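Each structure below is given as structure tokens.
Both complexes below contain chain A, partnered by chain B and then by chain C.
Showing the complex of A and B:
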């Protein structure tokens, strides 16, 4: 059992590395997701100006930018395998759970890279200020965890269907909405409060959501992948 | 046409698993349900007293809440049949899950519309993103996404597997909306008025009408659902005969 577990994590790590290498050959997802975020940020900033919007609106807009940028790039991880017909080979080399974890890690990494660039930019361009920096970062990290877990699973589902692009957002939105709502509320709280206890219920919900969704995804991924 | 008819005659003779004949019991049940729902409607408008703070708007309670309950019930049944499909791989379970989804979508639209009307008269606007309104809207979106996914896949088995997985996956994330969000974020919904401290704070007559309505709507749902299951079985059997 111990060996199996290690092998699983090892598989996941190898697949993560493989996807990173493949990604940096073409930089397709990274370009798509980053440029989408940048365009949305510019559109938002240009249309509402720097000083007019309240902190509540700015918290919501940040999460909307992150969510739709994620929708533009996170599905590529499975769609690529189907389009290049590499999925069958991948089936031979690794366990489904290892594959899911590897792909999930990659999407999480992609989302972190995006946030590393877009969030400071958002703070600068939108004149956005938070008092509870630690609270804000925790909300962001836990939110990304839930977002990439849900999105990786729906990406696996839509990669087997036609009309992939449109379907991805349609299928992901209802599943990811708890993350967006809790993320927006957590950010609103972080704007005013420094203490963790103030955002306690939001952080708990984000964490519980991530755990539940990752567990369900690992259990269900087998069926989707071997279809 | 004649060909199909002759097949159907043969089918009726050797029908083992499908009961399509109208039995007397069935008729009594149907008639009883009709009377029951008729009485419930009368009671809701004439017999039950009004709740404090809600006035005449109380009456929609007897229709809106049962419909919303059936929406969630249909969603649960769909998820259960999806699990059965993934376990046994029998296509009929997927078809039944789809039927539950169709009924759920219908009830979900009804719950949204009745809720919206109630919101207009008591809060002043048709829609204001109350947590409960959000959660019924999420259910509506999930049902829509489920059927969008089904229509995007040609091959039957693939369609069954992927839509089953999606329905289970959605079912896992929905409790966050239906149960957790309304408890974290304040709601204008009248259950804080009627249902304080999880004790049902209703007048005896109100409670009787409400529970009867809940029961009537649930039986109505199961009756339509059974009809749809029969239809699915006939469809699958016919297809088997054609091959």
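Showing the complex of A and C:
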């Protein structure tokens, strides 16, 4: 059992490395995500204006930008394998769970890189401030974990469909809604409060969501991937 | 290792593609799957490799007296087929390193060098796969298939896109595979067919 787990992690790590190498050669997902995030950020800042929106609205807008930017790029991880006919080749060398974990790690990495750039920009452009920086970072990290897990599973489901782009956002939204809501609430709390206890239920919710979705995905991915 | 195919059937919706296909192959044996276009040769190959599930029947890989589980038999299989592609953004070496590590191959660099030489691709290891011609891609697929020293080599349209030099090299590989391991080919090419000890006919 221990060896099986180690093999899974080994497979996941190799697939993650392969995807990173592929991504930095093509910048397929990176370009889509960053351009979308940047355009949305500029559009939001022009539409709302710098000082007219309340902190609550700005918290919501930040998560909307993160969600839709993620939607523009996180599906590529499986769509590319199907469109380039490499999915069968990958199936021949890797276990389904290893594939899911590798792709999940890649999407998580992509989301972290996006947030590393877009969040400071958002703070600067929207004149957004948070009192509880640690709370905000925790919400962001746990939210990313949930978003990546849900989006990776949905990406695998839609990769064999013909209208992939539209389906991904439509299918992901109900699955990822709890993350968005908890993320917005957590961010709203981080604006006003410094103590972790104040955002306890949101952080617990985000953590529990991630655990449930990752566990469900590991159990179900074999059926999604091989059917 | 022994390959046992038991009463395989496959339906796509109402359409029955395969029905009651059964055969066995043990080391040193080879077979050729034959049938007209659309008869289900590729479907049968994909079922045997575990890429799709059959509607009926079973495929078993037996090592000693034990049946090998799915994750393990992937390591024992080498597959070449027109529907398998390598990562075109990566170089041949990057592709092969990735697949070899996934298959837990030892002495990866030496193995890549010797197989690339065997398929006459030496010097092109660091070229992106997208720059390869279709014939070179087919040769590279053989390197991919052989990198884990497969006990079962499955070749779907083995000589497609290859020039005469490539075909000779593939026939050498097939001859060698037949000696101690299992070889299964899906083809309608008369020259390829002579490498199968017996024929499995599929008709839709």
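By definition in this document, the second predicted complex is superposed on the first by the 227 of 227 C-alpha atoms of A that agree within 3 Å, B and C clash if a C-alpha of one lies under 4 Å from a C-alpha of the other, contacts with A are read in each partner's own complex, and residues count from 1 in each chain.
We take it that a residue touches a chain if its C-beta (ideal position, glycine included) is under 8 Å from a C-beta of that chain, and two chains touch if they have at least 3 such contacts.
All values reported here derive from a predicted model rather than from experimental measurement.
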(message) One more residue to check, A:26. First (chain B), second (chain C), both or neither?
(response) second
(request) Check the residue A:18 against both partner chains and state whether it touches chain B (first), chain C (second), both, or neither. (result) second
(request) Pick one for A:181: touches chain B only (first), chain C only (second), both, or neither. (result) first
(message) I'd like to know which partner A:9 touches here: chain B for first, chain C for second, both or neither.
(response) neither
(message) Going by the contact rule set out at the top, does A:137 touch chain B (first), chain C (second), both, or neither?
(response) neither
(message) Between chain B and chain C, whom does A:218 touch in the aligned arrangement: first, second, both, or neither?
(response) neither
(request) Give one of first, second, both or neither to describe whether A:125 is in contact with chain B, with chain C, with both, or with none. (result) neither
(request) Quick one: name whichever of chain B and chain C touches more residues of chain A. (result) B
(message) I'd like to know which partner A:91 touches here: chain B for first, chain C for second, both or neither.
(response) second
(request) Starting from the residues of chain A touching chain B, keep only those that also touch chain C in the other complex, and list them. (result) 227
(request) Going by the contact rule at the top, pick out the chain A residues touching chain B in the complex. (result) 150, 153-154, 157-158, 160-163, 167, 170-171, 173-175, 177-178, 181, 185, 201-202, 205, 208-209, 212-213, 216-217, 220, 223-224, 227
(message) For the complex, give me every residue of chain A touching chain C.
(response) 11, 14, 17-18, 21-22, 25-26, 84-86, 88-89, 91-95, 226-227
(request) Would you tell me which residues of chain B are touching chain A in their complex? (result) 86, 134, 138, 141-142, 144-145, 148-149, 152-154, 157-158, 161-162, 164-166, 168-170, 172-173, 176-177, 180-181, 184-185
(message) Per the contact definition, I'd like the list of chain C residues that touch chain A in the complex.
(response) 46, 49-53, 71, 74, 77, 79, 83-90, 94, 98-99, 101-103, 144
